[in-house]
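Step one of this worksheet: look at the structure below.
Just so it is clear, A, B, C and D label the chains in written order, and each chain counts residues from 1 on its own.
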């Protein structure tokens, strides 16, 4: 069965989200958005999905602040963050490379990360490009730190980092990633070779599971179309053609 | 005097305060924005006053200090590319799925504008403090980020109500000189229909002046019915209104029209070089026929 | 021409309000509400009147907090407060008489006074019953103080006290009232005799002016009906019958 | 499994999350309010859940700690008169034009309930702090009032951003256990239409649980159209909904029905003595036929 890389990542993220009360997805995150809608479709009990910048999948009525208020109160369970750079302590950089402020290459900015990384219990870091330019020993700019000293009020933080090669769990005690599973077709060596930071290597590293055909049908038939409002270009190219019935 | 009283009486029969809307022009509105103003602009999903933005550029405004609430896209990028901007406080500037905001990127990389990086809820909190007339708002998170480290106007204090150590950031009120946005409609009283885009209310209430463009001015008052009152913003926060049909173009507006993605894509291409940007400005900003196809 | 005491007070308050940007009226204030609508009807330029607890004369859409936010920002020019007790330093008591908290006689409570008295530039104190039980040397409970030390941020405060007998202006430097005018049919001696606190007596005390017939017509024909939503009982009894045309 | 997926698919075609409303009964809702709860109730102009209040009294709840947002009238008075209340935090309790709240007055004068006097914006600020997950909010005013003097949980600090002396009060977050209110309608997803009564959203968002009574449950979703979305409160803040037609009676509700002033006047008369109040309770609360005429 044909499976696009985006479809695989969507299903992988959906597994990591699991059944929760409320998952929210920020700007420029088509794959997390699709994964959240898939997890919702598969949930057996009520699950809310908020896709910011969407009208249809967004039930906030108090303007842009409501997501942050909700997060501050612990009402959002899962959120996604990425990074131009991510380092081994899970610090993320969304601002640029080189010396701040006149960086070598400027990226959009930190968005809500400097707050949401602290307040949402389970933050899933997602970055499709697993390479040493992205996964660096030390980020050039800390948009949001991966961990905080104990006196800092911080109910939230990183849970896992997902790339096009692997799933790495973040150890909040040791402040380091641990390789959890490698995607089919890739090896532990390849992952380590393309990672710029040190990470823990457990005795057993799993292989990330592939989605069932029925799940792919659900994704293509029911989820893909719902992304068009927010991510029209992504919705056009990310999915394989649905199988004919 | 009797005549004057009669006029008032007629209005009172309707239960309305005096009608106040004078439909200003885009140029009137743009002319009210002094060079160097702290100018609040909404995120792309709000109501972006693009027609007014083009008028601002045509008037060759300079030295604007942009406050993005809490991010921006083409609006900030275009103003920066056109040389109208001295500084920008923002959580992000991005063209979304279409790519990076190139004028913004170039200007920051070359040090041509001052960048004050922030994070979305800090913008909201600063405006909320202004809206309430309090000097600061506390906000969780932030501590240990470089966003916080470079913001010398933010302060970390010990939470006075905590028994143990509990550092927390307090953010000073942000009071923009002017807020501008585009909305679906105004009514005859000058009330604006913003629907659930309540951050537009926050911008208006926090700012010293608010200039609004709308698709149309409809008769009567949104406050005649509870169903329309719920999405309204009272006219007493609004200083001037101009009608600008398709005034958010090439951005979309609420459920009225979608973004013009081919045009925005062509903007992203054009903005990849300063020369391309100038060509874009000539064609779509300085020439009169800058209207959607 | 017949003139009810309420009509006289409404016109007197309307004169004191004058043409302003925005006057707001709180709970249980039918006479200030009528006065504000009258002042609005007579204003030559835009004037907003907000009557809390009214749907028709209230354009707040952010819930109960919006009045206070507006006041904090200086967007409300004039407001009205009353008091079970008011003393010579313009302290007001809306809570009760006797020792707090188990007062002898409990009244509703301070409402927004402890905030609005500080934030709204021109607060008009209004209390129909001018007697020594109300205008006391020292209030039993300070719902809101009449003045504050200079280090306290206080753009607002009392401007004037209006009763059924007189108008007394508050001197914010000397923290005392000064008798400004006495209503027709009453005397300076009567006012002093029925006031429990000391006040300044200037060489000249005016007589409060009576409203013109045209103004009364406006009030009865156009304003009275608009009070029914918020003050049905008041609207029924406060006004003399409109003159027939 | 295939069947389960199909069900999900059907729902997804509609673009809706799973339907969640189960129409609970008033007694279900009342039963969820543990004795001693910190219970947030709206002002008379909001949406007063009077039918639910009567159910609470019938279940002989005790020790409730009322938080009035920011004032109350007959609802607090009735709960106090029925012996359900241990303490009350409020800016005022009043029957408005009809007179004083007699049960409240008696209970305070006799020291039968604990009174925590506050002022309207302090209630809002405390709830806003809870809604935002911040430990406190600053508020201007207050200093030098006896309201502030008796509130040992409020604190005066020096404004950390000021250069000169600038004392300001900070108010701790108020996080009610439960908020209850009555609204015109819920939709099938459990969203509530509150119109411009946004303090109901504040109550729901600040509270741990929120129980709502509505006039009716309508099909579909308020979020299908921007016009109805603007006045909605998302269902994820709501824990249970019960239908209670005329559920605000004898209070009015929005533009749907006016207050029943003759009834409220008769309540004021009855409540002037404890005996009268008991007669009122027997007739209008404990007897089943407690419906508007």
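Definition applied: a contact is a pair of C-beta atoms (placed from the backbone, for glycine too) under 8 Å apart; a residue touches a chain by one contact, two chains touch by 3 or more.
Since we're looking at a predicted model, the values are computed, not measured.
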Comparing A-B with A-D, the one with more C-beta contacts is A-B
For subunit A versus subunit B, what separation do you get between their C-alpha means, in angstrom? 30
Subunit B and subunit C have mean C-alpha positions lying a whole-number Å distance apart equal to 38
On a C-alpha centroid basis, what's the spacing between subunit B and subunit D, in Å? 34
Residue numbers in subunit A touching 2 or more other chains? 55, 60-62, 68, 72, 119
Give the residues of subunit B that touch two or more other chains, as numbers and ranges in rising order. 133-134, 139-140, 166, 168, 196, 198, 201, 226, 229-232, 254-255
Chain-chain contacts as defined at top: A-B, A-D, B-C, B-D, C-D
Parts of subunit B lying in touch with subunit D, wherever the complex brings them together: 133-140, 155, 157, 159-162, 166, 168, 170, 172, 194-196, 225-232, 254-255
The answer for subunit C against subunit D in the complex is residues 27-28, 30, 52-53, 55, 60-65, 68, 72, 94-96, 100-119, 141-145, 148-149, 151-154, 231-234
Complex interface listing, subunit A residues touching subunit D: 21-22, 40-49, 55-56, 59-62, 68-75, 119, 214, 218, 221-223, 226
In the complex, the residues of subunit D that touch subunit C are 43-46, 69-71, 90-94, 96-98, 100-101, 104-105, 108-111, 115, 117-122, 124, 128, 139-150, 164-168, 196-202, 254-255, 261
Of all residues in subunit B, those that touch subunit C in their complex: 1-2, 4-5, 8-9, 11-13, 15, 17-18, 20, 130-134, 191, 198, 201, 205, 223, 226, 229-237
